[in-house]
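Okay, so chain A shows up in both of these, paired with chain B first and chain C after.
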Partner chain A sequence: MSKSKVGEDVYKKVEKVNAELFVLTYGSIVAQLCRDMNYEYVNEELEKMGYNIGIRLIEDFLARTEWHRCVDFRETAETVAKVGFKMFLNVTPMITDWSEDDQTFTLTLDDNPLAEFVELPVEARSQLWYSNILCGVIRGALEMVQMDVEAYFIRDILRGDEHTDMKVHLKQILKEEIPAGDD
Partner chain B sequence: MIVHQQLPMSVNLASFDFLLIEMVHMARRLSEKQETALSNDEQMERGYTFLENIGFQVGRKLTERLLLTRNRIVESIDVMRFLCRELWPIVFRKQLDNLKTNRKGTFVITDNYFFWFSKMTAATGTEMKEYTTPYLYFPSGFIRGVMHTFGYPVHVIAQCPNLPACIFQVRFPAP
Partner chain C sequence: MQSHNKNLFKSSVSESLTSTAPLLSRNIYDQTLNRIRNAEVNLSCFAFLFSELIQRIQSQVSGIQEFEEKLNEHGYRVGQRLIELVIWRERNPKREIRILNVLQYIHSTLWKYLFGRHADSLEKSKENEDEYMIVDNNPLFNKFISVPKEMSQLNCCAYLAGIVEGFLDSAQFPCKASAHTVPLAQHSQRTVILVKIQPSVLAREELLG
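== the complex of A and B ==
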């Protein structure tokens, strides 16, 4: 069964929530963070939120899809885009721009559900990565399956760019370790 | 749930849950990180205000969005009904169970099965209060935001008498 089919099937089965509510809740969180601290810090905080979500979200992902271990990073990328994104956010980003060593790819999120109805104030455009939470989610989720990745936005439509692009880079495969005192 | 079907786009409910729960965790993290000149209580207070404000914004925006397609409501009792029957289910999945009023501008609304509390282990006394308090600020702010949109600057007091129930007292200003 193709990956997009799996993503769609799982999505059909889960309980859903109105996307507008989701968007405006996320928007209110970001806006409140921006009121309290500077943009650099907001980016960091959003990433951290995402990371915490990611390490829990992977459980839900594995439980619902019964996914097997991916053979290489290329398959991981496809899984993230076609199953993960589809299942949780009901969109499928495109994968482009593979590096030669197959360790880095770009996710193009042109219909980013988080950024619906959003317009950034001028001074935020050069500093804020509005959807930075997604980077954290990917990092957290992949870390739980032994992949140490780095994810960051390089372009965002909200900043006036043509596309919304996130780079994901595999730093290393983590060794499976038994947690201390748990043998 | 009428609204769910009207709007074509949807996302996984789990994503929304993850977001809201992490929001509460973040508020705690932020309040702990603030300068140490503040006392513990003041720091907590900041985290709570943070959550309350987010709830307020969500309530305000959602109400404005829904009012685009319907008639304006004026009377306080009708506004409360609108909250219980239509807005609450969108965010908190089910209608509120009970709406009482003393007819002098105070309303008491009860959710017997508040969804955030439904997955908590049973606790009692101060322990329960400690667990549940941070989760009460978002819904209180939400109610305030909704009422604000209708022009009522209300006061909301929330409490959790026992899990998983949740009671909100909404006081309207004297006319």
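== the complex of A and C ==
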């Protein structure tokens, strides 16, 4: 069964909520963070929040899709884009720009729902990555399946660039560790 | 809180018009407002995001009162924006000037927009002239939240109360809204949004006859 089909089928079955409420809630969170701290710290904080979400989101993903272990990083990338993003945000980013060693790819999110109704103030345009929470989500989710990745934005439409691009780089495969205290 | 809310009112339009930085090629005023109008996202996305918001607030505050105030503030910002968005999309938008009409609008249209259904009831308080109650038997926000016993006074629908407050304030019905859990036998999560209208609005209502 193709990944896009799986993504769509799962999305059809889940309970849904108005996307605009979700987007406006996210906007309120980012606005509050920007009031509380500098833009670099906001980026970090969003990434941390995303990480906390990601480590739990992966369980939701696995429970609904019963997905098998991905064979290689390429399959992981396709799964993230076609199944993961589809079943949660109902968008399918494109995967572009694979590196030579197959360790890095770029996700192009041109219809990023989080950026709806958003305009960045001038000072923020060079410093803030508005959708940084998504980087954290990917990092957290993949860490729970033994992949240590680094995810970061390189372009964002909100900043005036042509596309919204996120680079995901696989640093290493983590060995399964037996928790301390077990035999 | 009133003067603090006025700061939240400040729009950024005047700021962006006076800035000397080059305008973005993608001007937000040229974007359609209906792009994700009927779009939906997975409920768990929203639940995760809301839980992160709650955790963040929890680490910053020291009491339930402050907790609810912060949640209310977040909802307030959303409510301010929703009034323009929801009314703009109506086929025959009408500006409501009477209390009961605007509350009915919230009870039906706003709730329908947010949750896909009407609120469960709209009541006027018998003891106080200036209090109204909007009841929701199964609010979305509390669905995945379990409140520990020490904080049993807390209701995360303070966020929803903030949305209502922002909506009413922007519609020129200054008020205070708060959320209270009033469980019934069949609905253990029943929440009442208590709206306390300010005296100036009541005076205006009298004048309107």
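As a working rule, the second predicted complex is superposed on the first by the 182 of 183 C-alpha atoms of A that agree within 3 Å, B and C clash if a C-alpha of one lies under 4 Å from a C-alpha of the other, contacts with A are read in each partner's own complex, and residues count from 1 in each chain.
The rule we apply is simple: contacts are C-beta pairs under 8 Å (C-beta built on N, C-alpha and C of every residue); 3 or more make two chains touch, one makes a residue touch a chain.
The model shown is predicted, which means the values in this text are computed figures rather than measured ones.
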item: Fit or clash - chain C, chain B, common chain A; value: clash
item: First, second, both or neither for A:M147, with chain B first and chain C second; value: neither
item: Chain B versus chain C as contact partner of A:G160, first or second or both or neither; value: second
item: First (chain B), second (chain C), both or neither touched by A:P113; value: both
item: Partner chain in contact with A:V168 - chain B first, chain C second, else both or neither; value: neither
item: Contacts of A:L128 with chain B and chain C, given as first, second, both or neither; value: neither
item: Shared chain A surface residues [contacts with chain B and with chain C]; value: 11, 14-22, 24-29, 31-32, 49, 52-53, 56-57, 60, 87-90, 113
item: Residues of chain B that touch chain A when the two form their complex; value: 3-4, 7, 9-16, 18-20, 22-23, 25-26, 29-30, 50, 53-54, 57-58, 61-62, 65, 90-91
item: Residues on chain A engaged by chain B in the complex (per definition of touch); value: 11, 14-22, 24-29, 31-32, 35-36, 45, 48-49, 52-53, 56-57, 60, 87-90, 113
item: Residue ranges of chain C in contact with chain A within the complex; value: 12, 15-16, 19, 21, 24-26, 28, 33, 35-37, 39-46, 48-50, 52-53, 55-56, 73-75, 77-78, 81-82, 85, 113-116, 140
item: Of chain A, residues touching chain C in the complex; value: 11, 14-29, 31-32, 49, 52-53, 56-57, 60, 87-90, 113, 116-119, 121-122, 125, 133, 157, 160
